[in-house]
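Everything below concerns the one structure shown next.
Chain lettering (A, B, C and D) follows the sequence in which the chains are written, and residue indices restart at 1 in each chain.
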Amino acid sequence: MREHLPILLVVLPMLAAPICSMLPRGRQAWLLATAVSWAVLAIAASLLIRVHAEGTISYALGGWPAPIGIEYRLDGLNALVQVLVAAIAACVLPFSGRSVQDEIDADRQPGFFALLLLLITGLLGIVATGDVFNVFVFLEISSLATYGLIAFGRDRRALLAAYRYLVLGSIGATLYLIGIGLLYALTGTLNMQDLAARLPAVADTRTAQTAITLVMVGLGIKMALFPLHLWLPNAYRFAPSAISAFLPATATKVAIYLMLRFVFDIFGVGFAFGRLELNEVLLALAAAAMLSASLAAMQQRDVKGILAYSSVAQVGYIVLGAALATPIGLTASLLHLFNHALMKGALFMAMGCVMLRVGRTDLDAIRGLGRRMPWTAAAFVVAGLSLIGVPLTAGFISKWYLVLAALEAGWWPLVILILVASLMALIYVWRVVALAYFAPNESQRREEAPLSMLVPLWLLVLANIWFGIDTRLSVAMAESGMRVLMAGPP
Amino acid sequence: MTDLVWPPALLMLIGALLISVLRGRWQALLILATPLCTLWAIWQLGDGVLQSAPFLGYSLELVEADRVRRLFATIFALMAFAGGLYALRQASWYELSAAYAYAGGAIGVCFAGDLISFFLFWELMALCSTLVIWSAGGDAARRAGLRYAALHLLGGVLLKLGIVGLILHSGSIDLRPLVLAGWDSWLILLGILINAAAPPLAAWISDAYPEASPSGSVFLSAFTTKAAVLALILMFPGTQLLIVVGLVMIFYGIIYALLENDMRRILAYSIVNQVGFMLVGIGIGTEMALNGAAAHAFAHIIYKGLLFMTAGAVLMQTGKRRCSELGGLYQSMPLTTICAIVGALAISSFPFTSGFISKSMIAQGAADQHLALVWYLLTAASAGVFLHAGIKFPWFVFFQKDSGMRPAEPPWNMRAAMLLMAFACIAIGCAPSALYALLPYPVAYVPYTAGHVITQLQLLLFAGLAFFVMLPWMKRTLTISLDADWLYRVLVPALLHAWLRLWRHIDDAIDGALGRLSTLWQRLVVAPHRPSGWIVASWTTGAMALGVLLALALLIWRHLI
Amino acid sequence: MSPQLLMLSCLCLPLVGGGMLLLAHRRPRLRELILVLTAALSFTSALALLLQFREGNLLRLDLLTLLPGLDLMFEIEPLGALFAVLASGLWLPTSLYAIGYLRARKEEHQTRFHFWFCVAISATMGIAMAGNLLTLFVFYEVLTLSTYPLVTHIGNRGAVRGGRVYLGVLLATSIGLLLPAMLWTLHVAGTLQFTAGGILEGKLAPALAGLLLLMFVLGVGKAAVMPMHRWLPAAMVAPTPVSALLHAVAVVKAGVFTITKVVVYIFGTGFLGTVPAQRYLVYLAGFTVIAASVVALRQDNIKRLLAYSTISQLSYIVMATLALAPLALTGAGLHMVAHAFGKITLFFAAGAIYVAAHRTQVSELDGMGRRMPWTMAAFAIGALTMIGVPPSAGFVSKWFIIAGAYQADLYFVLAVIVLSTALNAFYMLPILHRAFFRAPEGRAHGEAPWPMRVALVSTAAASVLMFFFHAPILALTRSLTGAAP
Amino acid sequence: MSWLAHFNYWAVIVVMMTGLYMAIAQSDLMRKLIGITLLQTAVFFLYISFGFVRNAQVPILTEGAERYSNPLPHVLILTAIVVGVATTALGLALVVRIRERYGSIDEAELASLADEVEDLEPHHDFDDQDEHP
C-alpha cells in the first residue's frame, strides 16, 4: 500500500469523480468530494514527509520500468506543489459547500463536484508524472474540467469566458503537444529524465529550439504569463466562487511548476537561458506583467477583477525570481508560488463570502463591509496586506527574497520594479479596504458568512500570518525545491 | 550657594505676578511696596556671587553684586516705584504687571553674574517691554510692538549666538570684560548695541516708545537702553569703538529730535543722544569716564522719566501728541510745566541739576585722556541737547502760541510722581556727593568749579539765543522723518511679499507641471488599463489567438535568426 | 518586572487597552476610564523602562526571527527611551483631551477613534524601541496605516481627500525611498542592526553614501523635509486630538527620530562627516525651516499655520542631526521634546477654541485671551516655545543646536536660526496680540470642557518645567553621543 | 529537393494554419471550434507521420515481419484523439449554452450584447457629502 501512494493520490479523486457525478444529491457529492480532498491532502503530506526523509520517490506505472513505462517521480519540488494543491483543495471544498448550494442549481451540483475532483486529479497528475506526454493528458484533464467549472458561473458571461479559455487553452495544449512531439522525434523518449539526458546531443538543432519555444508558449498560456493572460481575468471573475478561489491558487501554480521543471530540469539552464536567452524574455514579460496588470487591477470596478489582474501580476513576480536563475531567486520564486496561493486563495474566498451575502462583488458591494461582515472583511485585510507584502505576513517573506535575489544579481532596477508594483498592490487593496471600512452604508445589518466558509477562509489567513512569522518550514521547503532545480538535468 | 538672599529680581517678578492677581486697594499697595522691598533687597546684597543654580549643565550665578550693579539696580527699582506711582490709577493691571516684570528683568540683568542668566533676563525684558507697548491698545501700538519685538528677538538671537559661541570657545560662562576679537564678541556687542539703540538700529526706539501708553513710555524710557549701558560697562569697558558709536548716537539723536514734531518722539531721540554720551564714557574706559557713564545713566533715568511723565500727562489730558497742535498749556497745567522745565534743565546739564554733575564727568574723562576732538564734540553736543530737549520740548508744548486748550492738571498720583522726580533731579544736582558715593570707583571730581559753571552757562545761553533766532525754522510741520526704520517698515515687508509671491509662482509652476505630467500619464498609461481601455477590454477569442500566434512567431523568429 | 517583560508591556499595553475599549463599546464611561487607565499604565511602564535603562541594564528583546538576519527585535537606547516616555507621557493628557473633545463635539464612532489611537501609540512605542531598521520600518508603516482612520475620522469628502494625500505621500515615500534605502543598506552592510558608530563605515563610497542619505532623509516622509511636506497640512482635516498628539508628537517625531537613528546608528556620525553631500542636506533642511515659516506667515487657519510651523521645527531637528556635532545631536534630542510640549499645547489650544467658540481662523481670535484665559495663556507658552524664548523649553533646545552649529562650524545653521526666530515671532506674536490686546467679538462663551483644559494646562506647564528642570533629559540626550558637557 | 522529402510536414503545416486561421478569423463560435479541431488533427498527422518507418509493417505483431513502424506515436495519438473529442464536445456544449443564454453564437454580436456599461471616467469611491462646518 505504502509504495502505491503516489498513484493513489491521482487515482483516488479520479475514481471518486464518476461516483460523485452519479450521486443523486449535491450534498452527498460535496461530502464525498470533501472526504476525498482530505484524504488526498493526507497522502500528499505523507509523501512530502517521505521525500524529505528518504529522497526522491520513483513509481513505475503498471510495473513498467522508467524509460519505457510511465514514471511517477516525486522529489522535493513536486511533492511540495502537490501538498499545496491538496491543501488548497482541502480548504476550498469545505468552503464550497455553502457557496455552491447558493450559486449552482441543485441538480447540477454532483456534476460540479465531479468536475472539481477531475480538476484535482489533473493538477496532481501533472505534478506527479515524470512523462511529458502524460503531462499533456493531465493538462487536458484539468483544463477540460476547468472550462466546465467556469461555465458553472451564474453570470452568462461565464460561458463566454469559458469558451474563450477553451479555445485559447486548446491552442496552448496543442502547441505543447507539437513541442513534445518534436522533442520525441529528436530523442525518441518522453521520459523527463531520459529527455534531459539526450537533449544536449541535439541541442544545436533548430528543431530542438523550436520545440522549446512551442512548449514555453503553450505553458505560458496555461500559466497566464503576460501577454498570454487575456483569458484569465474574465474566467476568474465569472467563475463560481469556489472555483475562483481554487484556480488562481493551484492551476497557474501547477503550470508554473511545469515551466520550472522544463527549463531547469529538462532543457537545462545553460541551454534555455544561456543559449536561447529565454531568461531575458521572461524578465521582460514578468516586468511588464507586474506593471501592466497592477495598473489594470487599480482600475477595475469589480473586486474579483482586481484580484484576477493581481494574479497576473503575481505570476510576473514568480517568473521574475525564476528568470534570475540564482539559488535565492528560485527560492523566492517557489516561496512566492506557495505564499501567493495562500493569499489569493484567502482573498477569493473572502469574495465568495461576499458573493453569498451580497450577491455581487463589485466595489459598491464592498461598501460598509467592515460592519456588515466583520470577519470576512478582516480576513480580506490581512490577506490583502500579505498581497502587498507587509512585514509579518507571508507576502513579505517572498518579496523580501525576491528583492535580495535582484540585489544579489546586481539588478537594482528590478528592486524598484518590485517596490513600485507593491505600491500599486497597496493602492488596489487599499481601495477595497477603504470602502469596506470608511465608506458609510445605509444597510448596516450584520450578516456574517456561515462558519463553514469562515473557518477555511481563516485557516488560509492564519497560514498567511504563520508563514510570515515562522518562516523555517516554508523556506526550508522552498530551498529543497530550489536544490532540485539547481541540480539541473541529470 | 551662600546664605539665603532675596534675589531682588525675584521679588520684583513675584510682585508683578501678584499684581495680575490682586485687585483694588491691595493691588495699589503692592504696586508701591514691591519696588521698595526690592530696593531694600538690593541694599542687603553684599559683594560677590550670592546665589547660583544649575542650568544647561552649567552653574549659573544668578545674583552677583558689586557697586556698579547695585547702582543700576537701585535706579531701576526707584524708577519702578516712580513709574508705579505715576501709573497707579491710570494704567491697566496687565500693563503694570508687564512693566514690573520688565523692571524685574532689568534688575535681573544688573545682578546676572554669568552670560546665561544675563541672557535669560535680557529676553525677559524684551518680552515684557513688548507687552507694555501693546498695552496701549490700538493698531499703531500693535504694529509698533510687533516690530519692536521682532527686532529685539533678533537682537536677542544675535546675542545668544555670541554668548553660546563665547562659552563654547572659551569654556567659561563668566560675565567679564571682553576683547573684541572673533565672531562671538562682535555678535555680543551687536546684540547689546541693538538694545542700546545705536544707529542704524536705533529706529525702534522712536518707533515704539511713542506708541506706548503715557505710563508705558515712562517705564520703557528707563530700562532697556540703560541695561544695555550697564552691559557695556561690564563687558566692553574701554572699547574705542564705543566712542565713535557714542558720538554718532549723540548727533543722530540731536538731528532727528530737531526734525521731529511728535513730543514723545523728540524725547525718544533724546534717549539715543543721551545714551551716546554714556557710550562715549564707556569707550574712554577710565575710572573717571566709567563713573561718568554710570552717574549719567543714573541721572538720565530720572530726568528722562520726568520728561516722559510730563509728556504723558499732556497726552493724557489733551489727547494730542504733536508739537504743532500743542502750546500754551502753562496756563492750566503750571505744575506740569514746572516739572517739564526742571527735567529740561537737567537734561541740558544746567548747574544745580543732576545732568550737570554727571555729564561733565564724561567730558572730564575725555579731557583727562587728551581726547580733544571728543571733548569738543561733547561740548558742542551739549548745546544741541539744550536746543532739542531743553528748550524745544517745553517751549512748543507749554508755551509758544496758545493752542486754546485748557486742560486740567493730571491726577494726584501723577503729580506726586512728577514732583518726586523733579525733586530728585535738583537734589542730586545740589548734593552730588550722595550719588558719587554710590559710583563704582572713588570719585575725586568736583563739579562746581566757577569755570565749569560759567562755561556751561555760557554755552546754554548761546544755544538758547540760537534757538529763538532760528525759531521760524524750528516750527515743525506734520512730517514724519525718514529713518533707518524704513528698512524694516518698508523694505523687509516688501522683500517678504516678494518672496511669498515668488513662492506662490514656484508652487503654481510645480503644480502646473505636475498636472500636465499626470494628464499625460493618465492618457498614455492609465487610460489603456481602464476596464474599457484597449489593454484590458474583453478581447475576442480571435484576437487572443492571433496574439498567441504572434508571440510564438516572434519567439521562433528570434531563435532562428 | 524583568526588562524584557517591561518592553513587551510598553508595546502591548496600548493594544490590550484598545481591545478592551472595543469590548466596552456600549458603555462610554467605562470606555473612557479604560482609555485613561491604559494611557497611565503605558506611561508608567515607559517610565519604568527609562529608569531601568538609566540603571545601565541591557534592554534587548528578540521578538521573532523572520528570516536569518532579519529579526524583529527591540533594544533601548537613550533617544528611544526618551521618545517612548515622551509619546506615552503626552498620551495621558491627550486621552483626557480627546474625551473632552469628542464629547463636546458629539462625534460619531468614538470607540473606533480611541481604538485606532491606541494602535497608533503602540506603533509609536515599537518605533521608539526598535533595535534594527527593519523593526523600525515595520512599526513606521503600522503607524501610517493606523493613523489613516484617525485623519479621516470625520468622514466627509474633504477628510477623505486629505487622508488620501496623507496616506499617499507617507506610503509612497516610505515604500519608494525608505524601503530601497533599507535594502541597499542591508545589501552593503549585511545587517540592519542599530550599532553605535554605524554599520556603513568603509563599505560605501562617499558619493553613494550621500545618495543613500538623501534617500533616507526624503524617504522618511514623516519628517516632512521639503518637498515631502505636503501631507502634514493635508492631515489637518483630522480632529484636533489627532493633530495634537500624532502630528505634533508621535508621527512627526517618529520621522525625525528615524532620521536621527539612521544618522547615528546606521551611518555613524564619524563616517557621515566624510560624506560631502551631507552638507547639501543641511542646506535643504535649512531651506525648509525658512520656507515653511514664510508660508506659515500667510496662513489664517490656525491649524494650517501650526502645521507649517511644525514642518519648520521638524527641519530644525533634521538640520541639527545632520550637523553631526555632539552638541547638535543633543540639541536635536532636546528639541524633539521641547517642540512636542510646545506644539501639542498649541494644538490643544486650537482645538479648545474650536470646541468652545467654533473658531478656526487667526483673524477670529480677537479678545480670545479674555474669554478663554487658560487656553490662551497655554497658547502663549506654546508660541514662546516655538520662538525659543525663555522661560520655555524651546530655549534650552535651541541653545544646544546653536552650540552644535558652532561645534560643526556651520554658520549656515546659525543664520537659519536667526532668520527663523524673527519669522516665528512674526507669525506667532500677532496671534497673541489679537487674543490679549483686542476686545472680544461675538457671543460670549467660556472655556472648553475641563478635561481639555486640564490637558492643555498640563502640557504648557511641562514646557515651562522643562526649561527649569531639563537635567534628566539632557543627561539622556548626551549619552546618545557621549558628548562632553 | 529536400523540402519535398518533408512533404508530410508541409501538409501538417497547411492544415494547422488553416485551423488556426479559422480560429482567429471566424466570428462564428462553431467555426472556431472546427478550426481548433483541424489544428489538433494536424498534430495527430504530425505524430503519426513521424512514427512511419520506410519498408516497415504496421506495428501489429505478425509472423515474418522484421521492421515495424514506431507504435508509440499511434498509442499517444489514440489518447490525444480522445482528448480532442472531449474538448470538441465540451466546446460544443458551451456553444449550445451560449446560444441559450445570449441568443447568438456570433462573437461580434456577442460583443455588442455588452452586459455591463464600462465606465469611461475614473470613479470616485466615495459619495459626495456635505462638508462639515
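Just so it is clear, contacts are C-beta pairs under 8 Å (C-beta built on N, C-alpha and C of every residue); 3 or more make two chains touch, one makes a residue touch a chain.
Here the structure is a predicted model, which is why all the values come from computation and not from measurement.
Counting C-beta pairs in contact across A-C and across B-D shows that the higher total falls to A-C. Located most centrally within the structure is C, per distance between chain CA means and the overall CA mean.
Our note on geometry: chain A versus chain C, Cα centroid distance of 45 Å, whole angstroms. We define each chain's centre as the mean of its Cα atoms; on that basis chain B and chain D are separated by 96 Å. The distance from the centre of chain A to the centre of chain B, each centre being the mean of the chain's C-alpha atoms, comes to 80 Å. The mean-CA centres of chain C and chain D are about 64 angstrom from one another, to the nearest whole unit. Looking at chain C, one finds that residues 155, 160 touch two or more other chains.
The multi-chain contact residues of chain D, meaning those touching 2 or more other chains, are 20, 23, 29, 32, 119, 122, 126. For chain A, the set of residues touching two or more other chains reads 163, 167, 171, 299, 301, 438.
Taken together, the chain C residues at the contact with chain A in this complex read 64, 66-67, 70, 72, 134, 137-138, 141, 149, 152, 155, 160, 167, 171-172, 175-176, 179-180, 183-184, 187.
On chain A, the positions that touch chain B within their shared complex are 163-164, 167-168, 171-172, 175, 206, 209-210, 213-214, 216-217, 220-221, 227-228, 230-231, 233-234, 276, 281, 292, 295-296, 298-301, 305, 309. Those residues of chain C whose C-beta lies close enough to touch chain B in the complex are 291, 294-295, 297-298, 327, 384, 387, 389-391, 395-396, 398-400, 402-403, 406-407, 414, 417-418, 421-422, 425-426, 429-430, 433, 436-437, 470-471, 474, 485. Across the complex, chain D meets chain B through its residues 20, 23-27, 29, 32, 107-108, 111, 118-120, 122. Residues 530-532, 537-538, 540-543, 545-546, 549 of chain B touch chain D in their complex.
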